[in-house]
Amino acid sequence: MRFLKTLGYLLALPLILVAIWWASTLGETNFFVPTPALLAEAFAETWFGERIFSDVLPSIGRLVVGVASAIIIGIVAGLLIGSVKWLRDLTEPVLEFFRAIPPPVLVPVLMLLMGITDGMKVAVIISGCVWPVLLNTIEGVRAIDGVLSDSAHTYGIHGWARIKYLVLPSAGPQIMAGIRQCLSIGLILMVISEMFASSSGLGFTIVQFQRSFAIPEMWSGIVVLGLIGVALSFIFQWTERRVLRWYHGLREVENAV
Amino acid sequence: MQSETTPGTTPAPAGKTLPGNEAMLSVRNLKKVYKTDGGDIEAVRNLTFDLKAGELACLVGPSGSGKTTLLKCISGLMAPTEGEVLLNGTPVSGPPKKMAVVFQEYGRSLFPWMRVRENVELPLKNQGVPRAERDKLVDDALEAVGLSHVPQSYPWQLSGGMQQRVAIARAVAYQPEVLLMDEPFAAVDAQTRADLEDLIRTVWRKLGVTVLFVTHDIDESVYLGERVIILSSSPTVIQEDLTIDLPDERDQLNTRSLPRFTELRHHVYEQIQLAKQGHRPAAAVQTDSSAGSGAA
Amino acid sequence: MTQEAVTTNSAAPIPRARKQPAKKLPSKQLLGIAGIIGFLLLWELIPRVGIVEPRFLPPASEVIAALITDFGLTAFWVAVGETMLAWAIGLVMSIVLAVVLGFIIGSSMFLRKFTNSTVEFLRPIPSVALIPLAVLLFGVKIESTLMLVVYASFWQVFIQVLYGVADVDNVAMQTAKSYGLGAMARVRHVVFPTALPYLMTGIRLAASVALILAITAELVIGSPGLGREIALAQSGGAISGMYALVLATGLIGVVINLVMRFIERKTLSWHSSIRSEVIV
């Protein structure tokens, strides 16, 4: 019974929405909005074939490489800058500036510097995604509780052990918040680097469909991007819940007071 | 204020010192000035005393008199502005290996991402203590503080008093030679507090560890210590270094009802009242005026 | 068992520790300025030494000169104005929409559960996926930009408002009810003050997301604004000009961040005083 209720809540609104969509496209054919059946057909035809290998997977590959590198660079540099006070003071204004630059403007810049290559697209993703991770890590490291840090110090926890047992877990919630932003910026940059300068990839394909007025195909491409976004979000939430279980528990206890 | 003198005691600017190599822990002319944006704050002016190995001394003083500051200097977390701290005759420049500290803010001294057991185990693991020995030390420590039933809880799932006991267990399991405790019982209820006081004395006698115990509580300082060091108010010097000549076997009911206990408590209370009113031991006043900066 | 604790400060005068006024220069700011100068020097040197060819990365001095020239051009300010207009309209639209929907959906348990799966599915869809649709519907007009801006910033505010409304303290709500506050009064005095810090966070996040999307739309679609100018400068080979415009977008971003943080601080200090009045 409980399960049915959950399932009901899960599916009710999406089903209603699809029904409305279906009903509203029943009559005359709308140029901009395909019927659900047409979209499903276009989706299957367009994406279950060679395109997976020629466009989808390479795009996702670049996204994964770019985001993973950005996360690693951001955390490592953040640990360093966050632990050294003078370095933090020295770099803070410059980093704040870089964070404030809207990442998409990096596409033409890097295109100029590196040409239109896979490397350039990965570089665009890295250079746009690294800031939220970097700045959040710095902030997380800076905000480590003084008493906790003193405790670790008196018990002789130094160097790598300190990073592993104190710094990383303590900055964890902040770092994860940075990674969440990093993922959504990464996806945006993946798409527009391909829209702006490419002859393959998801972004390019979708724009091609739009230019050739292949409307159902274009919509199916939007759906693919949506699915990737949703998948990333689920992977993130799943990981975050595992990594930060202690933090959510702590927050619950604090909020209950 | 200089005319006020305590009947029966001669105020001494320095605490008891020991000859040469007898001292486990020596504090020599320690001075600490915090440099802040708003100016310099002199937290501790001049402190000198020794603890011999295996001694249990209590440190009392008004709030803000620099007790925590002193502990941080002793534990090597902070460098003193002047003077030095010696452990077994060698100057302390960073946290020494065989020293454990239980902080005043116990809630913030435990790792919230580790379970109780992991918290207690971490320092030992980090030192490379073998698994079997580690397990035994951790079990014994948790048992001693009465927490063997919650090893898998997170610290934030425990009450304040339980958290403090975890911090104590961690210090005990570490088997330090010197144990510094900063108002460890400030947040626990009276019953737990009495139990923990007895626990500290038991652990102290069993391990033969040197303990410096900071407290606000006069009864506690007299009940626990072999010696009570009373700090003046800021700028801080030692108001008095008092030997507690109570029998070694102590017990919450009998010891506290001894006439001598009442006398000692009375005496410490008086000294602290004086300290709070800004009275300074005669020698300290002389030192101050000779340095050209009269106190109060 | 203990009466005499020494915690309380007696009224008697306590000799104060001497405080000396700080004479040191604020080293934090100095270091920050040093960092900026160091960065600019590095940027100046890299093309001059030839690590990167100057035609791909002009030295800092050249770019800054180009930016200063831009400051004197009407065309530049028109482009800035167009970007900021799309930013502002989009932001306001998304805030209004998100606040209304957020408060309605957030205050009903049923609606929250009912919409949850749809929200969780729609929210992660990257707004740039809508670019082809925007082009089809609006071409290179400002509406294209608005569509992306509103979609992206709506979720930032909406989710925060949902959190905020869900965070309302039950005890405070019951207290308000027991004092006979009506539904509107409860929203005004209990729900709104609780949700306000969340709302402000949402608005701050939305403000920077809105700028990103505004520039993206202009860059990719070609709707008017700084983004389009950057694309034009790049394809026209005006490299210093392009870097100058990139700098300008960064400066706008910094200003937006500063202003938003300032507003947030102002509103939240007001909030905490209100809050303590209501809940106590």
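We call the chains A, B and C, going by the order they appear; numbering starts again at 1 in every chain.
The rule is simple: a contact is a pair of C-beta atoms (placed from the backbone, for glycine too) under 8 Å apart; a residue touches a chain by one contact, two chains touch by 3 or more.
All of these numbers come straight from a predicted model, not from anything done at the bench.
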Please strip out subunit C, keep the others put, and tell me the connected groups that result. one piece
Of all chains present, which has the mean Cα position farthest from that of subunit C? B
Centroid spacing, where centroids are CA-atom means, of subunit A and subunit B in whole angstrom: 50
How many angstrom between the C-alpha centroids of subunit C and subunit B? 48
Distance-wise, how many Å sit between the C-alpha centres of subunit A and subunit C, to the nearest whole number? 18
Interface with subunit C, subunit A side, in the complex: residues 9-14, 17, 32, 86, 89-94, 96-105, 107-109, 111-113, 184-185, 187-188, 191-192, 195-196, 203, 206-207, 209-210, 215, 218, 221-222, 225-226, 229-230, 232-233, 255
Subunit B-touching residues of subunit A, taken from the complex the two chains share: 145, 147-148, 150-151, 153-157, 161, 165-166, 169-170, 172, 246-247, 249-250, 253-254
Tell me, which parts of subunit B touch subunit A in their complex? 72, 75-77, 95, 97, 99-101, 103, 105, 108-114, 122-123, 126-127, 154, 156-157, 170, 174
For the complex, give me every residue of subunit C touching subunit A. 27-28, 31-36, 38-39, 52, 56-57, 113-118, 120-133, 135-137, 167, 208, 211-212, 215-216, 219-220, 227, 230-231, 234, 239, 242-243, 245-246, 249-254, 256-257
